[in-house]
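Next come two complexes built around chain A: one with chain B, the other with chain C.
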Partner chain A sequence: MTQLMPLDLFDQSSYPNRRVEEWKYSDLSRALREIPQKDKVINVDLVSRFAAQGFAVFTVRNGNYDGLNEALAASNGRLWIRHLDEGVTGPVVGHQGRAVLQVADDQSLTVFETYEGQGAYAAHTELGISLGQNSGFIRIVVLDEPLNALSIRRSTIDTKPGAKVHQAVFSAGAQFSRFETHLNHAGHGAEVTLDGAYLLKGKAHFDLTTRVTHGEVDGVTSQTIRGLVKDQATAVFQGRILVERGADGTDARMRHQALILNDGAHIRAKPELEIYADDVQCAHGNTIGALDEEAMFFCQARGMDEATARGLLTHAFVMPVADAIPDEVLKAAVLDFLEHEAEDYHAV
Partner chain B sequence: MAAVKETIDTVAKLETYEHGFVTDIEMEFAPKGLNADIVRFISAKKNEPAWMLEMRLAAFERWLTMEEPDWAKVNYTRVNYQDLYYYAAPRKKAGPKSLDEIDPEILKTYEKLGIPLKEQMVLAGVEGAPKYAVDAVFDSVSVITTFKDELKKSGVIFCSISEALREHPDLVRQYLGSVVPVSDNYFAALNAAVFSDGSFVYVPPGVRCPMELSTYFRINAENTGQFERTLIIADKGAYVSYLEGCTAPQRDENQLHAAVVELVALEDANIKYSTVQNWYPGDAEGKGGIYNFVTKRADCRGARSKVSWTQVETGSAVTWKYPSCILRGDDSVGEFYSIAVTNGAQQADTGTKMIHLGKNTRSRIISKGVSAGRSSNTYRGLVSAHAKATGARNFTQCDSLLIGKTCAAHTVPYVEADTAKAQFEHEATTTRLSEDQLFYAMQRGLSQEEAVALLVNGFVRDVLQELPMEFAVEAQKLVAISLEGSVG
Partner chain C sequence: MLSIQNLTVAVDTKTILNGLTLAVPNGEVHAIMGPNGAGKSTLGYALAGRPNYSVTGGTATFNGEDLLDKGVHERAAAGLYLSFQYPLEIPGVPALTFLRTALNAQRKLRGEDEVSAPDFLRRVREVAKSLKIDMDMLKRPLNVGFSGGEKKRMEVLQMAMLEPKFLILDETDSGLDIDALKVVSDGVNALRSSDRGMLVITHYQRLLDHIKPDKVHVLVAGRIVKSGGPELALELEARGYDEYLGVAA
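What follows is the complex of A and B.
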């Protein structure tokens, strides 16, 4: 089982700061100067902006996962885990929760995982996912939390030989938002896709951190991350692919591409390869730049106004990640989300 | 048959580390250990001005409060700083006005090195010897500087830093520590406190230095740390190419090398700095070898200035260095070309930093890492663009080649972008030596080792091309030699 670094919202001494290499660009001890108040309220009543037909719905209110496994058993392999967090006026409240999901051998599970909320809150949730042999797992995550929320969402995925994993994370950021995935790759034909896209504005801070460990032979990993930042937003991408000694035949590729749409926005990228085996194919690419002037000209020369051209191009930039989603219902839900978020990019 | 003979010769040389010999000459040591008195002793020995001593003492005070960093991907036995000699000078019999007065043992050392720069001829005063200015650093003190007069005609100052402190104190004071402040890092602070010698170059405005400048550093005495300090200043419109080559004799105990190199490029100036590092890497079990903890940084202070770092790192047990460029002037250019080859139990954590501050600054990073044996090779690099660095461009390519099942290659790039008008591209690949290519080469009659050398030299070709001619030949050989015994 993959272990996460101990972190407790209610114990300030566990908060990492920027001197901890893994949290170099997301300094929690600075973002959360005071310990949040424990919140016992669990009857959050929010209407989700998302829709996913044919999915059994399980709502996690303020980090309370009770009943998740029962919901999973009754879900017929298609489950929408809807996280709702609510802040209260006054001191910041904290929500913390942890759950474990299991997918048996030869079974498949499609999870739609959404995070929404209102008000100022600090949330920390951990999800441990363990996948059986030749299982299939699709996990589509949408983070759409309030811009004054602090949110740390961490997960571990343990795979078995032959497992197929497709994860895609879409985020609009928050005041401080971090999504971590630690995946233990079992190789032997297991295939993993860990994609992501972010569209950040205002003062949003979003940190996408992935850690993939190849411990066995013949594992395949592919990562495509696309991102847009504007205003004073900060995007962080930390990806690490670790190939252990003996994990020959590994094929791992990671690509991060981002656009900065105005001065004042920041991107911090750290795509790492750590290789201890020689018969491997590993590559990463990382590009950061501005919107292509030539493409803008092309669109405008064909009669689009600047805002429309900009909206079209930024929308198109993050599209490939949504296009790759292997589930039509969830793809539609994500496309709706992206279209809505991309509207903000028409004018910069 | 010629190829076979060459292989036999190379392998025979490999039996022991080619440059692993010790020259016996009289040495003058400061007592072991480090304290404020040793710092004063070094400063007094070199007749330094008072401000220099103050700077050293301030650095020492600072160093005492600092902790040795441990974030690099290297493991080594920590250095006991109180168990080192901080000053070792070859005893001079008289002022070395003529070469006859140089200790013949020292000349023999150069001979054994087989220096490609015809340093032998230069040192022996042979007429018609090629024009290279050589500042030979033997342990800690510069023993001879040739061609000084010729350089003087064009206004170039090339001397040891201790001499510069005496002859050109104002220039040294103006620039020393302005690129790498004494408090920059643990090893830079240590160096500032105890540096014994190094090179100083000043190229005046509009002057193109008439020859390649070169320094040979060697570590000689047992248990001596070597702390060189190099300062190169290219004034407006000046050009200088500086070569640095290193070899060290075989020693069982680890030796520390903590140098600081500062480059300052003013408007339209151009500095090319090339290094070939071939220090003793320790034996196959990782015993012995040099610790190479070096701070190298260039400040492109003026508009349109350019600094180009080229390094070939094949030696040292542990290498930990990041030659960097601060691109402060508008339209300034920084380049970093690196080959790092590790074999046996060597560990290298090396790369660069390109800090874009000025407008339309450009940088290019080409890094080729080759690891074999049980070695570990890490590329670590930072590219950052300040909000005002509009039009900044960076291209980074770092490729790693793995030879064998037990070596490791890591790539750790950091990119920090704060402007919408910059463009960064980074790509990295890690693969093993292609068996198809190996088979192809061997099919045509090359031995396995020749085939490996050929393929690896092809892999690092982009960087070799950047080296000055005479270094490129040596470097190509070095790469081949370093990898001998890694296949099969």
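What follows is the complex of A and C.
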């Protein structure tokens, strides 16, 4: 199993500092100067499952994953994992939780994973996902947390031969938000898509970190990451693809494209390829720029005012990630989210 | 009537149009011909209000209204349509979405009601059929992966839907094969009417066989050096621009 670096929200000594290369751009020690208070445990209401467009709903309240596997077993392969974190007034409360999901051989699982909350809180959750042979796993993540929340969401995915994975993460950021995925090609011939899109405003900080290890032959990884930042927001993209000795036939491509919509917004991008095998095809691309002025002029020359043109083009910029979602119900849910978020980009 | 008086335009700091004067009455089609670098495309861009194309002198009015005072989108809403020589690809925006957003933005600015989705679709279907454009193509992102001919047909479809009062066609014939040229020209000709003027910018006489102009102007070094009837285009085709290059210097 892929291992995550130990982290305990309630133990400050476990916090990575800026000297830890992997956390250089998301300085947790600075973001969380005081250890959050442990919140009272709220029992997850296991009854609050209902079929909404074929999805079983499981609520992870304040990091409590108890009952997730039962929910999965009863889900018919379509599961909405709804994370809800609640802050309180007074000292910041912290929630921490961990769960493991398994997808058996030849089975497929579609997960809609949402993160919402209220008030100020610090949350740290970990999901370990273990995939069987020839299994299929679709994971669509929407991070829509309060702008004063601190949120660290980490996950590991281990494949088996012939597994197919499509993950897409959509984020509006938070005061401090990090989404980490460590994917290990543990079986030959797995096909993996790890996409993402972020739309950040205000003082939001969002860090999308992916670590992909090709340990077996003929693995395919494709990453399309699109981002928009405005105001004083900061985006971090750290993508590493490691191709181990002997992992021949690997095909890995990573592309990060982002737009900075005004001075004062920042993007820190660190794409890395580390290749120890000979017969591989790998590529990474990273482009950060401003909105295409020619396209703006074209839209305006057809009658759109500047705000409308800007809204249309920024929304369009992140669309390829939504378009690639292989599930129509989830695609529609993501489009709603993007449309809502893109409205804030009409004016800069 | 589009009326341009003594127009001077600089791109960045370089003067491209140098005292251009031209009048196109409603209902007439005028062609602008000229060698590379004469300022043909600059004229279109300056009238449409492209950033970095600064008007340093002269006036341009449309039906008595000052064009140069208006923002880019306001000129479009006032009825000006610039057909791009190289229409832009807009990834992520389906052609239908683009067109409906543009149409409703113009209508809103003119104080008109938005077009309802069913009315819009009905009209698009009619126009698309006449231009041999497949409805599936209109669901794809605008111009992305379209051939040269498809892009120009999309331009004509937008003209027909937006119903501008004045068209500027910037080298609409470039990148078109003979069949596509005919489809596009037929589309443009269908839009000719007594209350709509057109300015056809082209290098070659070929386009003017299909879109017959009332007048032809020769643009050299940023100003009109000769005007005449359709026969002037044939003359230019036969003799080239050499004799005019001295005139402008």
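List of remarks:
The rule is short, and it goes like this: the second predicted complex is superposed on the first by the 336 of 348 C-alpha atoms of A that agree within 3 Å, B and C clash if a C-alpha of one lies under 4 Å from a C-alpha of the other, contacts with A are read in each partner's own complex, and residues count from 1 in each chain.
Criterion: contacts are C-beta pairs under 8 Å (C-beta built on N, C-alpha and C of every residue); 3 or more make two chains touch, one makes a residue touch a chain.
None of the values given here were measured: they were computed from a predicted structure.
By the touch criterion defined above, A:Arg268 reaches chain B but does not reach chain C. In the superposition on chain A, contact of A:Asn134 is made with neither chain B nor chain C. Between chain B and chain C, it is B that contacts the larger number of residues in chain A.
In the superposed model, A:Gln118 makes contact with neither chain B nor chain C. By the touch criterion stated above, A:Thr287 is placed in contact with chain B alone, chain C being left untouched.
Of the two partner chains, chain C is the only one that A:Glu306 touches; chain B does not reach it. In the superposed model, A:Ala295 makes contact with chain C only, not with chain B.
Contact with chain B, but none with chain C, is seen for A:Asp278 once the two complexes are overlaid on the shared chain. After overlaying the two complexes on the shared chain, residue contacts for A:Phe317 are found with chain C alone; chain B is out of touch. Within the complex formed with chain B, the chain A residues making contact are 21, 245-246, 260-290. Interface of chain A with chain C (complex): residues 293-295, 297-306, 308-309, 312-313, 315-320, 323.
By the touch criterion given at the top, residues 71, 387, 390, 400, 402-432 of chain B touch chain A in their complex.
By the touch criterion given at the top, residues 48-51, 71-73, 75-77, 82, 84, 87-88, 90-93, 97-98, 101-103, 105-106, 109, 141, 158, 162 of chain C touch chain A in their complex.
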